[in-house]
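Letters A, B, C and D mark the chains in the order given here, with residues in each chain numbered from 1 onward.
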């Protein structure tokens, strides 16, 4: 697939000051554009405790700039509404009280229009700050962080809206057009990597989150990794071979999840008379065997790997293997909003579809890198305090902004989570 | 208080055909008017499983006319949207599947505008039916039932919207103006009734629900009943005397509810530095000692009565006592939307404020009258199947349409329910 | 069936002082005898929060005498163990703290032998009190209450032990012998009662619980009541006619219970290849069509009645109808521990099996009689505080001591409870 | 402390055949001895779903030998009771059905005496097999596994019995004598380790569990580790510094656990007027500042480390550091059944109390080593399927048999578990 370059999306790294304003406007505008196909009600409702209303995402990302940039660094800034400090705080204990997460859907007020006004208020003040003569350096780093944060929530807006729409028996589509054409998938090959001492983690001047640091050494035994992600067709084979009925394929906690949730297929699948259908942001469509499987939990990914006599890669293996892969891929900007089949072959010995399409579960729990130190202050709560009970995903998905992801990027979710655009790629011992 | 005659509210009993259309339009219009102060989001959200979104009330009352009147009795009627048959079925098993009650708040679609279109579609068809030459008699009775049903949901719209708004830390008001002036409450007196064989239940040609029939005899020992409902001031005395901390005042299940819910006062009360405040449809205001207490559960009512060395009346006692009381009162039409202090004295030996202001809990569980038979067909599910585990309330409240209530009217809720406009009146042995 | 007179069981009404001691010893001994077939472990375990360990029943009944009789009325009495005051308090808030009910099964200590020692300690002291020269009158009434209380717990010991044993895949029997012979049931007839003003409730000098008072007038319309309880065979017909799959037969809360609990038959039934089996205190046996159905909830009783075009009697109807029935019946003393088929015909116009075999659900919620006043002091918590959300059962069961029950006796349980020996008898309008 | 050599405990490695029988008898006898101070009721009750009744442990360890050794390898073996195959299966799906874990406490039958008979029956058969001429090699490995399994359950018997006894307000002691004398703790020092490529995991012929293999290379940056475990005194300092009230010290999931569980101190602590008391297997005693802290969760260990400006070691760091530490320590055989203060100094540069006293939480989630393969057949379910959502503990505790543990041994529990004898040791970057 050819990623469509789209001027509304941009890398959040703003360098000269004018370019910074452009980047800011571009990313903030992209968020706003994602809400356009949604109704006022679509934006207000919370479909489960794990998800948030779109309106909340729109407000919380704005709160981030207000709380961490404008209040400390813009003298004389007047908060849009003092109550929002509590109302739209996600999880920052250092900022003070916060409104309970499972009740975000109870907030009919402020309404969507008022949230848009809030966004405009903050955008104006922030552009003023960017244009100011004495621009504090620390503010620059926080704006950059805020823009990456905004991009994360762009993905969550689509992910959470999809979940909400899927719960409606009317099966409404986020967007109607469906640009996909069926293409035969290539056979995956195993790509081999030698044993050795490697370095992983982020280095250099480009932006990264604190959890990608420090860069550090890790010993890897020789391993092989699949050239392509597991496809929907592969997963149908697993299902038809009794995958969801055979406890020996599952981790104990995974088997508990299968039985407690009555899982028989990935999230959003429905077995109809004429075969498997799947709910997408385009409404319900037939499952396409040639596209990467999506909306599977860590448990399902891990069980599939066992069934396939393989395993999940560790995050270090993935990072080493993906280092030379093409960054092009099916991201948010393509407008597909669903994993696509690969067009064209990847370069010899390179991973295909490592970036975009689906986040890929790894076998690594989300923990601190050796020597990890959270950032100082409230933003230190951004990543570090979640380092328990979650697993790392890599590579970005079809609803991730292209400029947001990189080889060292660590996404993380609990092992039962299925509402993210999450799939997998297999690995094996050499 | 003087009930304000208001032409937008009317008795649902339509007799000549033209008048029938007028009544229909008037009651349906009143429902629509109740939604006017609410935002699209206010109408979409469900604040707890017991409550429903306002949008759902607007659609479900319409579904009632479509399902029980138009589909069977209007030849050639085209349903607005076939999916609504399931989507807006509340609890009628005979109609087929129904959408789960606790998930009504997940339905961002259809949007509020579409629900209004649904209402217009059904209203037009129903007015056509009313104007038709051959008007089926059975349809007339069902329309009448549908209008009383609509009035019940008018009350629920306000009750449920109040609960939603109360959960918001911004404490938004449904309407801003607050017409209340403080007035000193009269001292309640005990009114005595002789023992004897009485008749209770509905008789005559006027409309009633099936649960008010058959009229039947009941023996009553002599009793006394309070001339006025218990006031907020009375309840503050109870609280200050340790009412919520003394298990000996409570039923066992009531005491469990106190501890499980952390109850320290009626619903919507907050203890502020300057005294008790209460959330109303006008926002948060100080508790007014002279007005009838509201938003108490059966458990609280029953414990208060024990504390006051009295008891709750049975529903037969209430009905006998209220038979001669004035029907005038503070109903929905007054616009107060909150219980008011009494102005003027009631006639000698008559109950004051028996109708309007607050529903009054009785000591009677909600069961079938001797010889009770539910109506035939699906509407037989209207009342009978709920005759278990609930207690009877009488008299209507400040959010009940005035024409909706009567002395034989039986409202019912579980003993822990507090979000209704529910209060109490004391009784004693002679 | 012929009730076997058994000298180990006796009426708790002790009149002359010597006889009082005999009665005391006889009833206390009967309790002890019930534990004999049980192992130490059987007596220690709590199978669900509604049930209590047998060891707890043995201790709590003893605690009752210690707390309400010995401590206040026996000067110089030394408590067996001061901690027991909290440990074995069931629900008396006036006595002070109590150990949480759902955790009664966590108390491995005191062991069963120590509980027996506790019983002996209290028995000795109480016999001393009974033999004393200056015997306080109030103590006499409390001892009488304590003996009736003990008999209630005799029934609960068997009921709760049955539940525990039933949860064990080994299906152990409480006692092995099974004295039942199959007998063909008589056809039930309808027995008619005229309308009129009746008196119900207890009068006279004999012992009764406070909830049976005061005797009061009640108007009854004419009604008919079945001569016999509903049998297991009747209930199989109900099941085979889809009784558990037809929502129109059920109260709304009942239908919720059916689905939540996956109910397909009364408690303890298992569908085996060769037909319905039922777990009894003799182990698992085939369901006998001719015996009264047992272990049904109020919901099941009410739905069965609707299916049979009948209804449950009110408790006043039951009491009026049973007034002249024979008190003989299949009680605890018969040793059958299971409902039996009727032998011999009842007298013309009299109810058969009104007493013993199974408790009969009525349509009446458990509330206060007009003018009801709980007893003064802690024993006032015995009955009154449970008057909410429960339904009245009448007549006693095959595990009730024969001397314990009477026509005015009101038993009560929540509408979903099934582990009691509960059945039903039908009624109809005249 | 001087570990008491005790002939009733032995290493499970049996080599010559006669020695094998001796080892078998010694380890099985030690299990039996642990139950001796417990009453029949103590052995029957399950205090929470995570724990099992002691009776169940006694039966399940026996089931292990019957199912995996006798049934497949002893021709003509007659099962003691066929129902036990399901009843005492812990989690082996390959063996077939299993009785639900949270209901183990419902099994009053078989009684304790019958479980002892079951043990004797299996022991006899197994000794017969060991004495047989043609002894199958595979059986030897399974017996060895079964003996290590038995030792794990020895620890669990004490751990679970302690939890049960602690829930009893009577605070009964497992054993009365209390051999501890107060000793002043040494100051911990930091011991430094150089960076480098290390090998971890088990090698050689000695027994190990499959999860300790394969031995593999791992890169470690330079680190420091504390010479001693964190003490009760250290933990009191943490508490007094607001440790349980400062969210910034906790992982997000840990902070949730603190609030949900109302944690204010480690499990079993009670704040009395005269200071902290702790429930032990000797009853309630004052907290001794000089002994290693015990019964803390991973969350508490991790928060403590952050408060102390340190971190938990990884399991590889721990293993490398403990490799040269003394294996002597306070194990089950000492009879102390509680962590003790150190007597005497450890050798220079060696860890003190690395083995025994308390299991030490590491920062490593419990996952598969590179190249890990579970054992074939049902015993492959022993370890591998639990590799998700748990954290590794190292070193054994005061209730672990001394011969059971080794430097490569990986214990694992969920991060909120506190009822194990779990403590911690600090680490830091170099």
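Side notes on the structure shown:
By definition in this document, a residue touches a chain if its C-beta (ideal position, glycine included) is under 8 Å from a C-beta of that chain, and two chains touch if they have at least 3 such contacts.
Everything quoted here is computed from the prediction, not taken from an experiment.
In this assembly, the chain whose C-alpha centre lies farthest from chain B is D. Distance from the chain B centre to the chain D centre is 60 Å, each centre being the mean of its Cα atoms. Note on chain placement: the centre of chain A and the centre of chain B lie 47 Å apart, centres being C-alpha means. Taking each chain's centre as the average of its CA atoms, chain B and chain C sit 39 Å apart.
Across the assembly, chain D contributes no residue in contact with two or more other chains.
Arrangement of the chains shown, judged by which pairs touch: one closed cycle in which each chain has exactly two touching partners. Only residues 39-42, 44-45, 47, 55, 83, 86-87, 99, 103, 105-112, 164-165, 167-170, 172 of chain D touch chain C when the two sit together in their complex.
Against chain B, in their complex, chain C makes its touches with residues 91, 93-94, 197, 216-219, 221, 247-248, 250-255, 298-299, 302, 311, 363-365, 367-368, 370-371, 381, 385-389, 415, 429.
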